[in-house]
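Mind having a look at this structure? Questions to follow.
Which chain is which? They are A, B and C, in the order written, and residues in each are numbered from 1.
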Amino acid sequence: MSKRIALGFVAMLLVVASAYASFYIAPEERTMGLIQRIFYFHVACAWAGFTAFFLCFIGNLMYVWKRQQKYDWLGVSGGEVGLAFTTVVLITGPIWAHPVWGIWWTWDARLTSTFVLWLLYVSYLLLRTLVEEPDRRALLSSLFGIFAFIDVPLVFGAIRWWRTQHPQPVIMGGQGSGLDPTMKMVFFFSAFAMHVLMVFLLAERYSLEKLQTETDFLAHEVEAQ
Amino acid sequence: MTSFTIPPTGLRFENIDKRYGGLYALRRVSFEIASGECAVLAGRNGSGKTTLLRIAGQIVRPTHGKLSFPGHTAGSDGNPRPGYVGHSTMVYDELSAEENLLLFAKLQKVESPAERAENLLREVGLFERRTSLVRTFSRGMRQRVAIARALIHRPSVLLLDEPATGLDPLGITWLANSLRELNRAGCTVVMSLHGESEISALATRAVRLDVGSVVADTKTGTSLREILTFGSA
Amino acid sequence: MSLLSNTTVLLGKELRTEFRSRELLTTTVVFILVVLILFSFAISPTTEESREFGPGLLWLAILFAASLMLQPCFLREQNNDTLSSLRLAVSDPFSIFLAKLAANTLFLMVTELIMLPFFAVFYNVPVLPEFSWLIVVLFLGSLGISIAGTALSAISAQARMRELLLPLLLLPLLTPVLVVSATVTVSLFDREPIVKGKGIAFLAVFDVVFLTVLWLFGEYLLEE
């Protein structure tokens, strides 16, 4: 318990530090000005979200193989936390796009793919609410989770190819734009901070799910007497 | 149904648990049915009879425990395939009786599937209606198709879940005779029943389940009558 | 090979069942037709726009129709618990999936081929040049839809609100198929038609990937 509190505290510190770094340490970007600083936050969240989904995928695979509840807890935690970070990515994208391009959404390849990713994991969580029996819920959602995660590279690939057919404005400067060394440092620090935050949130969600399941089980045992 | 020798196969449950969420449908069920026995599973609704039979039929996986078939020499598949007659007919309403049996015969690699299907249809008394869709059949006729389907691959173990439900007295007599013949030929029969009847009279063994556990067994001295009528209204 | 013969027998059953009632085929054809007509009411495209947007709308209509058509796939097997008897009878549960996805692909393609003349007329699209490539794209796209759809209908059949759940699970998953098929189809209908090999290859990759995942995990989808 105290380990988790410590982790939360550290995560908070790191996030605040990275925010400071984003605003005061990173140099100003030539063309876009102040709004560009949201990049450190936006992309860091995307990476953290993706790692969370990857952990969800691991949980899914392990559950199908071992059928131990703890893997289902990992799955739902990874899914929810990943979805939270991905939501932030989808919100900060337009916040950046509007001052720069004057439009809220551009069907930019990465943002669009992220949106589909978001939809996939919303479906994952929705599926969970629609299956009552816990073991069935764990198995079915794990199987869908596996399909969904395997789909992710295909989604990103397909949409990127689609955009090469109809080029659109690219959010965040695209692949080619090199990063100044200080910017790189700030970025990796932000990404690290977001990952620590992600792990903290995941651990919290995991223990919540664990507690819920154990309570339900005890309640049933009592009833059966 | 009896023009062949059935290899002797028993049925063994070892510490079978089946859990659905927090509820145990079966708890530490352990007993063995010897090959060639005609065993009855008795118990109220919800006692776990159907779950246990579905586990024996390998339709459902137990949460813990082991199912085995002593006496069965591992062929190409490992565990043998019991014949299973459940609450539903497990055949297609939109296909004819003949088409259904042919389907299951071919899937299970039965030799001369068309011939086997025809023979079974004659034996269960449905040959005249073989081209009619199962949808048009009465409850009794559906039960006959279900039994034919279960027997199509000449199983050495036959599992039946409340097979007499919905059958008229003639149907029950027919079923009792068929099961007697099969059992005599060496097929191990396990069926769940409510109360005493012409069919329960065939039993050489009975086990009673209550709330997922074994509470009585003819092997340990309780009489068949007692097991079948225990506390029943 | 046992898998192949079981699949063939089961495919025969799927086809026989469907052609006896033809419910799925007729309702799917009518549905796509209605959707396409409604699209043109809603958008009122010019001739040039029709050519550009038509294929996208066609694939969208196919996707919607498929997500409805795939509902009964495993629900039917719950009626008389025939899924249990099938599982007992076959040595490899994958044959159940193979037969169903083959049947579904066939139904989708039949529907699409029936729809094609209507689509060509309403949307003023020249479907005949590069017709063989069009068939290839329709096939690969329909196959992808069927593979994912068959797998997911096994999942949704075991959940509540399955009529809404299946489209919800299926449509995001099939985004790659929609995007790539539509893009390739548009260029096939161009004034100077181009065959986008990369897109077609991508669809094939999608199909192989999902078929493999289904093969690896299929038996768990059918577990009780």
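Criterion: a residue touches a chain if its C-beta (ideal position, glycine included) is under 8 Å from a C-beta of that chain, and two chains touch if they have at least 3 such contacts.
Keep in mind the model is a prediction, meaning the values are calculated, not measured.
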item	value
Graph class of chain-chain contacts, one of line, ring, star, complete, other	complete
Higher-contact pair (C-beta pairs counted), A-B versus B-C	B-C
Chain whose Cα centroid lies nearest the overall Cα centroid	C
Whole-Å gap between the CA centroids of subunit A and subunit C	31
Length of the line joining the C-alpha centres of subunit A and subunit B, rounded to whole Å	51
Subunit B-subunit C separation of Cα centroids, rounded to whole Å	39
Contacts with two or more other chains, residues of subunit B listed in rising order	none
Multi-chain contact residues (two or more partners), subunit A	132
For subunit C, residues contacting two or more additional chains	223
Interface residues, subunit B side, partner subunit C - complex	54, 57-61, 77, 81, 84, 86-95, 99, 103-104, 106-109, 149, 153
Interface residues, subunit A side, partner subunit C - complex	64, 116, 119-120, 123, 126-127, 130-132, 136, 139-140, 143-144, 146-148, 150-151, 154-155, 157-159, 161-162, 165
Complex contact set, residues of subunit C against subunit A	148, 151-152, 155, 158-161, 165, 168-169, 172-173, 175-177, 179-180, 183, 198-199, 202, 205-206, 209-210, 213, 217, 220-221, 223
In the complex with subunit B, residue positions of subunit A that touch it	132-135, 216-217, 219-221, 224
Contacting residues of subunit C [partner subunit B, same complex]	2, 5-6, 9-10, 13, 16-17, 20-21, 79-82, 84-91, 223-224
